[in-house]
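The structure under discussion appears below in the form of structure tokens.
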Amino acid sequence: MIRVAIIGASGYTGSESIRLLLGHCEAEVSYLTALPEECGPAEKVFPQFRGRCGLDIEPLDLDKLSESSDVALCCLPHKVSMGFVPKLLASGVKVVDFSADYRLKDAAVYERFYAVEHTDRENLAKAAFGLCELFRDQIRGVNLVANPGCYPTGAALAAVPALKAGLARPDMVIVNSVTGASGAGKNPSAKFHFPNMNENLFAYGVGTHRHMPEIEQILTSAAGRGVSVLFQPHVGPFDRGILSTVYMEPAKDVKPRELLDLYRDFYAGEPFVQVCDGPPLLKDVATTNYCHVFPTAVKGRIVAFSAIDNLVKGAAGQAIQNMNIIFGLDETLGLR
Amino acid sequence: MIRVAIIGASGYTGSESIRLLLGHCEAEVSYLTALPEECGPAEKVFPQFRGRCGLDIEPLDLDKLSESSDVALCCLPHKVSMGFVPKLLASGVKVVDFSADYRLKDAAVYERFYAVEHTDRENLAKAAFGLCELFRDQIRGVNLVANPGCYPTGAALAAVPALKAGLARPDMVIVNSVTGASGAGKNPSAKFHFPNMNENLFAYGVGTHRHMPEIEQILTSAAGRGVSVLFQPHVGPFDRGILSTVYMEPAKDVKPRELLDLYRDFYAGEPFVQVCDGPPLLKDVATTNYCHVFPTAVKGRIVAFSAIDNLVKGAAGQAIQNMNIIFGLDETLGLR
Amino acid sequence: MIRVAIIGASGYTGSESIRLLLGHCEAEVSYLTALPEECGPAEKVFPQFRGRCGLDIEPLDLDKLSESSDVALCCLPHKVSMGFVPKLLASGVKVVDFSADYRLKDAAVYERFYAVEHTDRENLAKAAFGLCELFRDQIRGVNLVANPGCYPTGAALAAVPALKAGLARPDMVIVNSVTGASGAGKNPSAKFHFPNMNENLFAYGVGTHRHMPEIEQILTSAAGRGVSVLFQPHVGPFDRGILSTVYMEPAKDVKPRELLDLYRDFYAGEPFVQVCDGPPLLKDVATTNYCHVFPTAVKGRIVAFSAIDNLVKGAAGQAIQNMNIIFGLDETLGLR
Amino acid sequence: MIRVAIIGASGYTGSESIRLLLGHCEAEVSYLTALPEECGPAEKVFPQFRGRCGLDIEPLDLDKLSESSDVALCCLPHKVSMGFVPKLLASGVKVVDFSADYRLKDAAVYERFYAVEHTDRENLAKAAFGLCELFRDQIRGVNLVANPGCYPTGAALAAVPALKAGLARPDMVIVNSVTGASGAGKNPSAKFHFPNMNENLFAYGVGTHRHMPEIEQILTSAAGRGVSVLFQPHVGPFDRGILSTVYMEPAKDVKPRELLDLYRDFYAGEPFVQVCDGPPLLKDVATTNYCHVFPTAVKGRIVAFSAIDNLVKGAAGQAIQNMNIIFGLDETLGLR
């Protein structure tokens, strides 16, 4: 059994990690940590785990981590994570980090978008980018994986095949996404107060969302040349999921059938990416690690859709998929 | 035109009052006040009023109130309201008060449930209880009306006809209610954070809800003898409305048909209470001042259902209905 | 009082028309018609109108229409409407038609998208296109107004100012919209079955939606030259509203501030279009006739957002606005 | 591996059974059947199983059932099931039946509530009633288990400890329940059309719901004497779950603490029933096989709350729990 610590377990990605690991046959939750004020028996902090998880959530103790665990899922916030990851690694566990701190290879871009100095460039250089379907070979056996952002996961899985094949032009990819409200995290705010968010829908982060450079980095890597992305997120009145509608300009005339064949080939054998016959439904992927994709051509544009669960394929599920890859397990364990 | 001030306008009952008054042909919003930190142009505080309401929300100034307004809808919180209502009355306006401060005729009961001394017993004694259908005669022309609580309005309209007719026994009335999340008010909290409240439903205030004595007071007044009420509120994943299911023990054998006839007679001519042929749907009354009621007899019990919008018939709508009665206007103005 | 008939009153746009007219001080519902199997007292067909509307819904009788009404809101389906509108006009009433039958000025385009011959080209030629803010002068006093589609209303109000000013290039406008489920109409189907639609979101009508040519017609008219539109609709888990995110390529370098000023000038004095300081919230316009718009420039693209209620500004509300214009009334009556 | 057939797999309980079995380490789906018009690859019928379930859903063939499977989860409708169960048993598989056909021990009661003759009294007499926590000993090793109804499961788990201990009087137990809309099944209807059901809540089946006699049967069995139940179901705007609020009259004075201790003792060691410290939240049990219970005493009444997921503990989950018991497996397999 792989013994899994969850660092910063008191939020949504922490509880989702616990939920998924309860169904994993070759891994188990071994250690849970949070800030002192959020500690206590896991089944008090998360009543949904009453009778299912007997552990306490405790303040982080690196010795205890070292003894109890083989790997840490690090669910700490952006900017905070890079202060802890070096210590986690030093205590001998492997780390899958959920924050943005090890995702952007260019520290200058990180520093511009996160307005803080990057304090762990050494590990940044070593970290694998954990979008499993695209970078699987670089993930196997590493000590540190940067788990991708939720929006970048959905956007990249929709856009990469067309870009990599040279069918789409790199100069302007428009990514229009709608996320569920769990994407906002667990802290209450006026925008996400139920009577405000219910029956509502709105755009945010216009031109400024931090996932924009992350999407550009992935697409650029796939296309082999600089890709410019206009990313516009929205949030809607539902718990889970991200639906991305990606508009690309074709490099040459392309038929819907060709695109479908290209995507089917590209994702052949991928357990978690399913190429559909029509636009995907968010509800079909909710609570799962699956991504449903559909590409087509309309009025001289390529339009590609993807649906994922932001907390699973967009966070805890992909982290466990990364963990499975790191340890050479069947990649689908705990995620079927 | 009746000129209407809204005191404490920055919450949900304030904005609902503005919304309804925009459609009132013989009344208009004349003055809006709130705590200094919640002031500003009404259309900034409430973007839904962009282009619809040109007023500013300002800190309360009693002289300005006196000059600008004929009546004040006082949307201040419980315990706070009784500190202001005497001043509002002294400035010459009539007052419809949304808080609980003038509802419970027995100040000792108030003090037990609200854990504070009642500091305005003089006006408490004079205030009319504004459940229009039951106490209309006492409302006409008064200076101060205590607008009823949302749950008591729904519960009373369902239970009173059977109790008043002596068909239901007074010793145990069970009121099981489910409210929408707007009942929690505008302040964000963990319970009402969208990802927590959505797809959720739960009971609260078990045995302790402050509307229990208010319901008992109304039912006792209607029955002419002490009525004991077990009131259990719940909250569900929708914005508006309260569905109450009231279980009563019959004083004698009673047929469904008799009950229906009794309720139809009782509410004949009432514009806002409709006796239905089956269980009412919450959505049919949402955003309106209507109450849909259905009584029947099942397995030796009387079961009576009512549906209201908690923000309209349960708050702002009934306040305007009270205002219409006070000023001798057509009671339905602005509320059709 | 303007006497208003509603033809085909048994659906969502019919009931929404009744709701709005109940609050109109200078117009009243005079006659309601539907297919025989959907007739009956309005308050039985729509329990939300219990005690509010005493009319029966009856099979259409042209003589009765002629006697009872000054204007007909025709809520019949596409293709059906053009069989009735000539008769309605012949009976002497003015008509605001909700269907697509009189919207597309080029009958050939209509026939291609609706796969049926247009049988009333005479009135098609005469009909005014009722997007009030853009074509007000052509609406005054006419006998027949084609009420615009819901998506075209939102898309056009977001895109027109930039196109008309020559700031946006006409060759490719991408309109990404999300509608609430009421847009699907009242007939149950698997897709809109609550357990399927709830917590869901998906695209549909990829490349084939019938509102695409209507949007192109309006934008072309505004730009003064052919505009090509890629329109992609989605549906989300909420009742009301359409949020449109419109991506345009600028004809020249343009600053966010310029766009905001342009839109503010363009809509100055328009009661129902409000230019906001940031992305509009769907909930702020729900149940109202208002459109909230916000234009900006991001990464070399113009992005313009609009929010409307699909049943109000996108249907019944705009129809009443058109009716007010036709009869020379204050355009905002019944719609504040 | 236990090989599991699902008979009538095309509905919500069928897909929920597949979902849960995908995570079961010692059982696997072996055969799926449905009416011919609902057959096809499982991943076409249920797109949520794309890449997760390679089976076809086929018309029932008893030979194939016999060869492929050890047990059948029979998800056929009431009245239909009893025509098939004898054949399923004859083909050598064990059966967990989801319908009501084998639940009511008194065939006359069945025939009154379901208005049809019971055609398989032989198996009715032999069937175990599968409310695992109450009747576990009778389930082990049997060939046929009647899986309980969703409402009866929640109601019984809330009421039984007090009744069995003689703390609650048997003459009147009021069960007030609210279910999510998935309880209505997969067939579209006007009531459950999204724009009608969303933001709605209503009572139904007043005095007539078929789960009333089933609840009475369980409670009578637990109390050891006749228990009379007034059961009032409601449906609310969410997918999953049943919250039951049970009102009982105490047989003697009882303190909240006593009740809590009694329930804790009663359910000690039960993996799936958790006695909470306050009213349970529906969301805490959604998608799980857990039941959260909270009993207390208020104003001279016992009030007991329970929350379950209607599709899991109320259907597919409990069926798998029953299957685990029948085959002597760890009862929690696939259900943690």
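Order as written gives the chain letters A, B, C and D; numbering starts at 1 within each chain.
Note that a contact is a pair of C-beta atoms (placed from the backbone, for glycine too) under 8 Å apart; a residue touches a chain by one contact, two chains touch by 3 or more.
As the structure is a prediction and not an experimental result, all values here were calculated from the model.
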Far-end chain from chain D, centres as C-alpha averages: C
Selected from B-C, B-D or A-B, interface repeating C-D by over half of its contact pairs: A-B
Comparison of A-D and A-C (more C-beta pairs in contact): A-C
Whole-Å separation of chain centres (CA-atom averages), chain A against chain C: 39
Chain A and chain D, separation of their C-alpha mean positions in angstrom: 36
Residues of chain B engaged with two or more neighbouring chains: 180, 198-199, 237-239, 280-281, 283
For the chain C and chain D complex, residues of the former touching the latter: 12, 180-182, 184, 186-190, 192-195, 197-199, 237-239
Residue numbers on chain B that touch chain C, as the complex places them: 22-23, 25, 47-48, 50-52, 199, 271-272, 274, 276, 280-281, 283-285, 287-288, 290, 292, 336
Residue ranges of chain D in contact with chain B within the complex: 172, 174, 176, 178, 180, 196, 198-204, 206-207, 228-230, 232, 234, 236-241, 243, 245, 247, 278-283, 286, 296, 298-301, 303, 305, 307
